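Following this line, the structures themselves.
Consider the two complexes below, in which chain A is the common component and chain B and chain C are the respective partners.
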Partner chain A sequence: MKRFELTGLPLVKPLLKNRWPQLLLLAGMLAGFLFAILAGLIGTPVGSHNFGIVFTWITWWAILILVAVPFFGRGWCAVCPIPLPGEWLQRGAVLGPIDKKPRWPNLRWPNKLRNIWLQNAAFTLVALFSSVILTSPAVTSIVLAGMLFLAIGLSMVFERRTFCRYLCPVGGFIGLYAQAAPMELRVKDRRVCAACVGKPCYRGSQEGYGCPWDVFPGGLSKNTACGLCLECLRTCPSDNIAINTRPFAADLQTPLARPDEAFKAFIMLGAAMLYSAVLLGPWGALKDAAYRVGSPEWFGYAAVFLAVIFGVLPGLFRLAAGRHFTAFATALIPLGMLFWAAFSLSFVLTNASYIASTLSDPFGWGWNLFGAAGLAWQPLLSGLVAPLQTLALVGGLLWAARTAQRVGVQRGVSSAPVILFCLATTLAMLGLLL
Partner chain B sequence: MNAKVFGTLSLLFVIGLVVAFVPLPVRFASTGTQRTIRIEAGRYAYTPGEIQVDPGDTVTLELASHDVVHGLYIDGYGLALTADPGQTARLTFVADKTGSFRFRCNVTCGAMHPFMIGRLQVGFNDWLYRSVALAVLAVGGLFMLRRIP
Partner chain C sequence: MTDRRPEFFARLLVVGLCLGVVLVPLAFRPGSDVATLHARLAEDGGWSPQALQAEVGMPFKLRLTSDDVQHGFAVGQMDMQPVDVEPGRVSELMLLFKQPGTYTFYCTRWCGLNHWRMRGTIEVRGADGSLGPAGGTAEQPLYVRLGLDIDTPHPAAFTPAAPASARNGITLAERFPELFARFSSTDTYRSHSPAELFAALGEADPALGASQRWDLVAAAWAANTTPAGLANGRIIYSQNCAACHGENGGGDGVFADQLAAAGAASMQAMSGEMSIQRPANFSDPARLLGASPALLQGKILRGGMGSGMPIWGNIFSEPQIWDVIAYLYSFQFKENP
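On to the complex of A and B.
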């Protein structure tokens, strides 16, 4: 498969190896993140007029799901501010490595938890409360602050970026879908890594830190766990690290082998379908049930939600895929990613006009910083939403079916039942969105 | 890529374009019926949440709010009306565009405001059926291509 080394371009590698551009970008992101938390706590409780809600669930979400994940894989993780304060404290430094022994225990994360089951649970938990989180600025702030403090706390006890790797509710699905992205960080020659003494990319050196994601780059074959933090680019003494463009879905040539990742695919697929019904559908009783957390209706909604993502969808898929359940779940990666794109297109374009007004009045206090606070709500490109959704859903189906066919050939079994499963879920999604 | 595969792909592409864009040969006769539909708005929901009219109908929407000020904006038509609590607002229009259109609250009414959504269907939701046909064509095409040696 054709690859093009981006780090081979003039200026790219020096720019990426230099810590300052990354630090400035991350500091800006951290400032925005803290401002979003502040706005949620002290600003108006009306979500559509609060920076915390509009910039988290419209701007950031649109960039993440429509651009960053499909095209840059874990590109968001490279600039995510959440691990930053904890990492600074853990290292005792903001910029380069220092010659000091860490003051913290730096424990290894337990072997039994070295998977994404906790991330699956964290995402599911957030998803169950999403109607409140998405619409209430204070709750959004509490969730964002909770993630920040959890990341800091874990950095004080465990080594590297434990929160990102094993707990972040967003990182789990980014890692899963990053496998489809046309970008990767890989070593140029594995033999160089095998012969390398000391493995500074993993253990660190004067040039940089050991991989914060606990990955040995010489063994990287998928995008799932590499957070594109660029430390290995700095530490490799043999200039053996490259960032490449590549064909879409290159990692999907090798089917999934882990049930935690397979279930992540079901959680994401099911959540996209359920959100489409609850948030974008015309059924008021469903919205009410999802919003009234703690009421009997909400418990019913939660039970259905859990039953669909952990029972109905995997159960039907099991009937289709048989004992190749995990391998065939690879097909759900492009399918789910484009389900999310189709779902997000609708509410992002509908609510994008709030971005300008919220920038002008981030707390909803009647400010008008840029003269845009009074802009009336107006849906954007509403005539294009349905065709774009069809394009995403049918494109995702085609991509999923091709992936299933490849798995079927590798395993010597028919992929037809899995493709029919993908078709059935796509038709359901079309019915919900169009 | 061999000639058979290329030919099949080209054929599928042309069929796809036909399915997606060629106007339907059936024209729905406009009945021009006058319809008045009352919609109750309250707590992030419209009742009824789904309304169906025929193409060409002259539709009067009566929007009544139970709790706070609610609006109703119809995607695709770009029409809007606003109802104060306890009062009924009216909007009359000719349903001259067919398909499925979301209508949504355009007055900030509370937490779930962005998701206060209903659906207006005018005649036949042909884009849904075209999309379903495209999905089936995509899968069918893949099976066809696999059979080519």
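On to the complex of A and C.
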């Protein structure tokens, strides 16, 4: 499959360059985001009937993990509302650039923190409390509001989208898995960028802002850090930016080289397995331990969680991959992404019927806006869940094996131990889900 | 000069949408004119609010919702069907109080170990603002009038070798109409335990065999209840008593073990202030046949005073309590009428 330039289609580029369509989407998303926070704070504490829980952890999560990330990479980041209020303050404008001096320090993010370790830590922190976050509307609201205020606060101190790039717990794994997506933003001709004076795509111009993600598009070779905000499409004076479709996993041709990204792969892989055990498994004591935050049982659960993610899985993988640990971790990208798809399928399809009733009564106050408030809970496509999960897991294993094999060839070593590791984790996941 | 209008409209759009999604729900939030009753497990606070106010003769609209698991709602001493209180959903209910007084509302679903603690009150005032007694009778209950000490163990001195037959007893009673009429009168039946009636029958006619006397006792029980009363007692027992005492009265309801464990671990139990027991076993003849209906009435009305048995006097009406008591004896007497 060759690359195909979507921005070459009629109307696509004007539509993307125009700020209004994106702003309309962002404003709508921000309104929905605030509505979810409000619902969590003043609506029913019953998660299955609260818009905050149902639309964050069922609707949004399903769209994100089953559609947006696998097919559009960082497509979600293009419409994520979290940076909007902070950028408004930072830029002094909601729409286009205005001739105004920034009122904020606009500091550079420290060099030592220019990696995704903080995102790894943020995701792990959320994951440790996930049993409570996923079920308590108030806690979900606090987490969402915390992300919003942190993004605003950082925008007032640091330049660009510091929160998105270095702290967002979601952005970290979206960036990792976006490498497998069949869509990319790239320059058409690197020589044009090299010759470009002023680099407006990075520094900004009257046409648009400098890359909010602190990326120079001319040097883009992976989807990891490009948030698809489309600013470079607007600022490039040479019309040298393109959005392309491409084969799946195009970025995985180049193995991972950074340990922070390699560990992100382990965190995601381990979290998918542990979530499956805790949230879907039959072990009541484990579930209780995960829910009783602060209790001795929870500390035990947290210790096991951290040990699996940062000790057991990387340790076993180290035995399998040897000194090519980081490069072979590339294979865990498709494997982990499909672990998450398989895990999500069960609870998303099981709980999807809550979406209609929650839309009709988002706060659990007895409203019936669309006549669906009284709809009884009904699992959807329950007969298809197990086959789809199996398909996802087996597909993930094959994809991971192919990726590992390619890395092995590039490095001149056998990929068999890594494939064996992938097989073992897949079997474990199959056992947990089926 | 730069056209500022697009930026203005963009800001208006963002601010308008954000304020809209916050202010519109707040504006349409359920009003304070309708009381909303939230149900939570007793461990998490039970009903909220726990006290409501209403007026006699005025429709009292109530919105019910559960903040955790499924609960049920009913008002004691009112003729009403329990209403399910579902998590995250709102049920609306209209109540009409005919008499002033303090009514008790309670959970009708076995929601958790402390389900029976889920109670609250509705103060219903008359047109003059007075708060009279809620339903019931002003007369003292029978167990008080009899001066029974309902906390003293009351084991039966005699128990039947096999469950007594009400049907056999009724046939036998035809041979001793005067004797049976005396022993089966409501006053005698309610104020004596079956074991006491058994003993008294033996004194009145020493020729009667033990099984005949027990059958006559069972017939006295049958004469003091009706199929409808037994059916009603069974429903009330199943909804309110079986969680602890068990569907078959064996003291082995779903909460029995947990109650015993929780009671044993309580501070009061450890300091000797109270002794939580296992729920009474009505399938034990020595236990049930030693208790008169009046004594059981006292237990139900007043509760177990620290034993874990809740107070039902503010929930069940007197006829309901007699129906439950009649049903309890069905655990010992076979061939019910």
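In this section, the second predicted complex is superposed on the first by the 433 of 434 C-alpha atoms of A that agree within 3 Å, B and C clash if a C-alpha of one lies under 4 Å from a C-alpha of the other, contacts with A are read in each partner's own complex, and residues count from 1 in each chain.
We adopt the following convention: a residue touches a chain if its C-beta (ideal position, glycine included) is under 8 Å from a C-beta of that chain, and two chains touch if they have at least 3 such contacts.
All figures in this text were calculated on a predicted structure; none of them were measured in a lab.
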Touching partner for A:Phe363 - first (chain B), second (chain C), both, neither: second
Touching partner for A:Leu430 - first (chain B), second (chain C), both, neither: first
Which of chain B and chain C A:Ala401 touches, first, second, both or neither: first
Touching partner for A:His49 - first (chain B), second (chain C), both, neither: both
Which of chain B and chain C A:Leu107 touches, first, second, both or neither: neither
Which superposed partner A:Lys287 touches (first chain B, second chain C, both, neither): first
Touching partner for A:Asn351 - first (chain B), second (chain C), both, neither: first
Per-residue contact with chain A, leading partner among chain C and chain B: B
First, second, both or neither for A:Leu95, with chain B first and chain C second: second
Intersection of chain A interface sets (partners chain B, chain C): 45-46, 48-49
Residue ranges of chain A in contact with chain C within the complex: 19-20, 23-24, 27-28, 30-32, 34-35, 38-39, 42, 44-46, 48-50, 84, 88, 93-96, 98-99, 361-367, 373-374
Complex contact set, residues of chain C against chain A: 2, 6-7, 10-11, 13-14, 17-18, 20-22, 25-26, 28-30, 63, 65-68, 87-90, 92
Residues on chain B engaged by chain A in the complex (per definition of touch): 20, 43-47, 49-50, 73, 75-76, 100, 102, 104, 106, 108, 110-119, 125, 127-128, 130-132, 134-136, 138-139, 142-143, 146
In the complex with chain B, residue positions of chain A that touch it: 45-49, 131-132, 135-136, 278-285, 287-288, 291, 347, 350-351, 377, 379, 382-383, 385-387, 390, 393-394, 397-398, 401-402, 405, 416, 419-420, 422-423, 426-427, 430-431, 434
